[in-house]
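Heads up, the next two complexes both have chain A, just with different partners, chain B and then chain C.
Right, the complex of A and B next:
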């Protein structure tokens, strides 16, 4: 098998004979910008958490109101940080899995520039209040069109790279990335364009299909692509079973798209549609357990590596959060549970465990693994990386658990018509205080991570030996 | 404002059907391409970049 290294790893010297040298410029551009957005939007997240405790905080400034900051936080984290980081990591891993260079670094760099223009446009427009008022689809129409163009550029580049691959058989991460590209096209077009031509309940139904599949058919498959690549790489252990990974992929492909209507249980949509959503939500246990079992079986005999391998710590903690969030999802799609937790703080607790606890952990692990290699330098500080892990773990668990318990409690109160609504708001204050302090810890994780990555990129700590 | 609810629903669900059909085609292709056969596990060693890393991974 041909040796593959990054251009930066040879540091001006000659590449080993027969080695495939990757430029990785696109991956670098996407990663640096995604980490910058992670930090900036992290500040917004802390301000929002503070507003729950001190609602009057900056309330006289229109751009700092909850209604404008909340969509900025959601879109910034989803598209500015996570999707951009995922794109960076797929620009890194797809050429390596295919044994060829990226089809076009020029197209990749153009995509990175366009993506940054979109995110900066989103920051301005959302702060100005230019908002379409649809969950996860708040961006103004011109920016939606730009996202489609950028996605076509990204997808075309990766599909061309895959079409020129050296190895005929495709590793499961390639399947997941291809799925992400196609499913995102389907999900994004539906959620941002088709939905504009509908009204009433049908619009709500389409919007929830988009919202749920934004997580299920965009962030889940690309997150799993990263986990399937980086867990074997970081532990230097082959995947337990490629066939099992394929079962997970195909069951996800067939099951996920039907689950969105579980957001409208007990609502004014057909009972058959609600029942289908519940049945398919429970069936999600198949792809989830197939993936999680595979990761745990891969780690058999390798758990000792977690002591000092930071990327692996993030990866395996992400797997545990993935298991928990994907057990929680099917369970709260059951009618009896949904009657209590729907629309409560339970839901953001669940969503944060998926997007931060699972998929961001996979992306963070990938960044810690990739950055020293593509910049040809040692990580600035292993100790700081470890601290970032513990800040996220402690803050994250505090955040998730508080919102589940608080959300359940909130739901019980809402189900009691004798309790005035405002009393249920006042009762949640202690929950929101813990949420705020957990948020501070998570922001410390973001700060340590961003600083570590930036210091590695700008620093002068060369790698002791070439990979 | 004209209500395009039904055309939109038809668009969304036909797009979905198209995706399912595509998935079925490629699922069948995986059988033909040997992903489920005796050598179906070989592909997992592609994650290792060099021959040494690959051999190390095989024996771990």
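Right, the complex of A and C next:
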């Protein structure tokens, strides 16, 4: 693996003169817009956290109601921020791993424009309450069609780049990106189109297949593609094992898709399907531990670098959050545990650790790494970057841990029917208050991060060494 | 084969899709073929076999109410499933009678389904017939007037628009009524 990463090094970093020059316009456009949405949707996030504490906040305006802002928060973070940032970073790393230019910058720029149009359409329709009523698939049908078109444009561009690569052997990040493109296509079609031909439990089953795999087969593989690329790059250390990364990849490809029905445990869906979902959920430990072991082993002897290497800090904290989330996941699927935590506030604690703690951390690390290189400037402020890390860590841990404890307690109370429901609401008040303040800290992380990126892009600090 | 995928993008793509489709098809296309109760509307006339009753599709007014329920995002805070847990059947129950658990045949006409994932408020799968119109009016105007400590948002615009109010209440009253399980039909005071 040493050999490949060093090849990647040549392709990406300090290339000898006369070597390949990457244009990176597509990556830049996607990145800047994703950071802007991160900031805007971050405000929405704080507002909905506040509504748990002050339920009458802005509640006389229909468009500002909880039921309108929550899908805006979820869709905005998933598609406006995270997926767009992931796309930006893959537009950056795939050409470098392939040793060629992006197949078409024109197509890439058109994709970026279409993607932004989709996100703006999503904001308007969700605020208006044009909601399809399916989680993660709220957007009206015309926008769903536009997403498919944009995804084909994105996938085609990267596949063409890969097919023209100069290095025959593909680094593991390339597989993960290819997997993401292909699986996402089918998962998205299931969750947004196949559901339209079904009703009731059958539809719910397709919906959960999509919801679960939106995380498992979209954000997980593309997040791992980033981690596999940026951990060796940021630490200047070759990946520990190619074989282990293969085990992780192929087991992920096989195992993830079976687990959707674990969202309906104890619910009105066939028991045998629940059991299958549980069995495969436990098997998820295999791809997770394979990847995590590989990352830790790569860092062996390199941990001292964490002290002042901000991207690496985000990456390795992200790996730890990934490990924890993916330990929780299989545990929730066990019937006895599920009977307590399912439908409680534990679940948003879990979901935020996955999407923010693990996958957003990988994307943030990637952004801090990529922005100075593609714009050829020095990062505006290293200490601000460090501050953003600590805001997210403290805010994030405050958020996750209070919701787990609160959610567990809530579930425990629900299982005692002698306790009136409203008492279990009142009991959670302190939890929601702490969550709100943790959310403010997390928002400070977003603020510092987006300001730093913006100031780097617009600023005039040239890079000391040639990019 | 997997070795070949190391250097061939086409192979890698094909194998990733094949592995994905095995689980994909077995867990999405096959289950409704195997378990036919998913698509058969609930109907039972024999009290020995459990609660009697019949599932009927919603009428226009009720469907309109359901659309409001979706538009306002009620389903982000309320589930609609009485699970196979004792506590669920007690909490969905009424006047000391435990509610029957939810079964797939009660949801055959649901499109989109509204099972939900989060219970910030109580489960609503058996709320039909629990409260009268006046209760809902007061509750939508400001939930805290009826239930101090509630964090449900107020929905003044639903009360002010007579047609919308009629529709949402009509929909609420259908929830969980396919199975005839309530001891009588008057509302809680």
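The working rule: the second predicted complex is superposed on the first by the 448 of 467 C-alpha atoms of A that agree within 3 Å, B and C clash if a C-alpha of one lies under 4 Å from a C-alpha of the other, contacts with A are read in each partner's own complex, and residues count from 1 in each chain.
Everything below uses one rule, namely that a residue touches a chain if its C-beta (ideal position, glycine included) is under 8 Å from a C-beta of that chain, and two chains touch if they have at least 3 such contacts.
The structure displayed is predicted, hence computed values, not measured ones.
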{"item": "Clash or fit, chain B versus chain C on superposed chain A", "value": "clash"}
{"item": "Contacts of A:243 with chain B and chain C, given as first, second, both or neither", "value": "first"}
{"item": "Which superposed partner A:148 touches (first chain B, second chain C, both, neither)", "value": "neither"}
{"item": "Touching partner for A:267 - first (chain B), second (chain C), both, neither", "value": "second"}
{"item": "Touching partner for A:96 - first (chain B), second (chain C), both, neither", "value": "first"}
{"item": "Chain B versus chain C as contact partner of A:279, first or second or both or neither", "value": "neither"}
{"item": "Partner chain in contact with A:416 - chain B first, chain C second, else both or neither", "value": "second"}
{"item": "First, second, both or neither for A:183, with chain B first and chain C second", "value": "both"}
{"item": "Chain A residues touched - chain C or chain B, whichever exceeds", "value": "C"}
{"item": "Touching partner for A:52 - first (chain B), second (chain C), both, neither", "value": "second"}
{"item": "First (chain B), second (chain C), both or neither touched by A:233", "value": "first"}
{"item": "Residues of chain A that lie at the interface with chain B and also at the interface with chain C", "value": "168-170, 182-183, 186, 190, 194-195, 198-200, 202-203, 206, 209, 246, 250, 253-254, 257"}
{"item": "Residue numbers on chain C that touch chain A, as the complex places them", "value": "2, 5-7, 9, 12-13, 15-17, 19-24, 26-28, 31-32, 34-35, 38-39, 70-77, 79, 81, 83-88, 90-91, 101-104, 106-122, 142-144, 147-157"}
{"item": "Chain A to chain B touching residues, read off their complex", "value": "1-5, 96-97, 99, 167-173, 182-183, 186, 189-190, 194-195, 197-200, 202-203, 206, 209, 229, 232-233, 236-239, 241-243, 246, 250, 253-254, 257, 302, 467"}
{"item": "Partner chain A, residues of chain B touching it in the complex", "value": "3-5, 7-9, 11-12, 15-16, 19-20, 22-23, 27, 30, 33-36, 40-51, 53-54, 56-58, 60"}
{"item": "Complex interface listing, chain A residues touching chain C", "value": "51-52, 55-56, 59-60, 62, 65-68, 70-71, 129-135, 159, 162-163, 168-170, 174-175, 178-179, 182-183, 186, 190, 194-195, 198-207, 209, 217, 246, 250, 253-258, 260-261, 263-264, 266-270, 273, 276-277, 280, 339, 343-344, 347-348, 414-417, 421-422, 425-426, 432"}
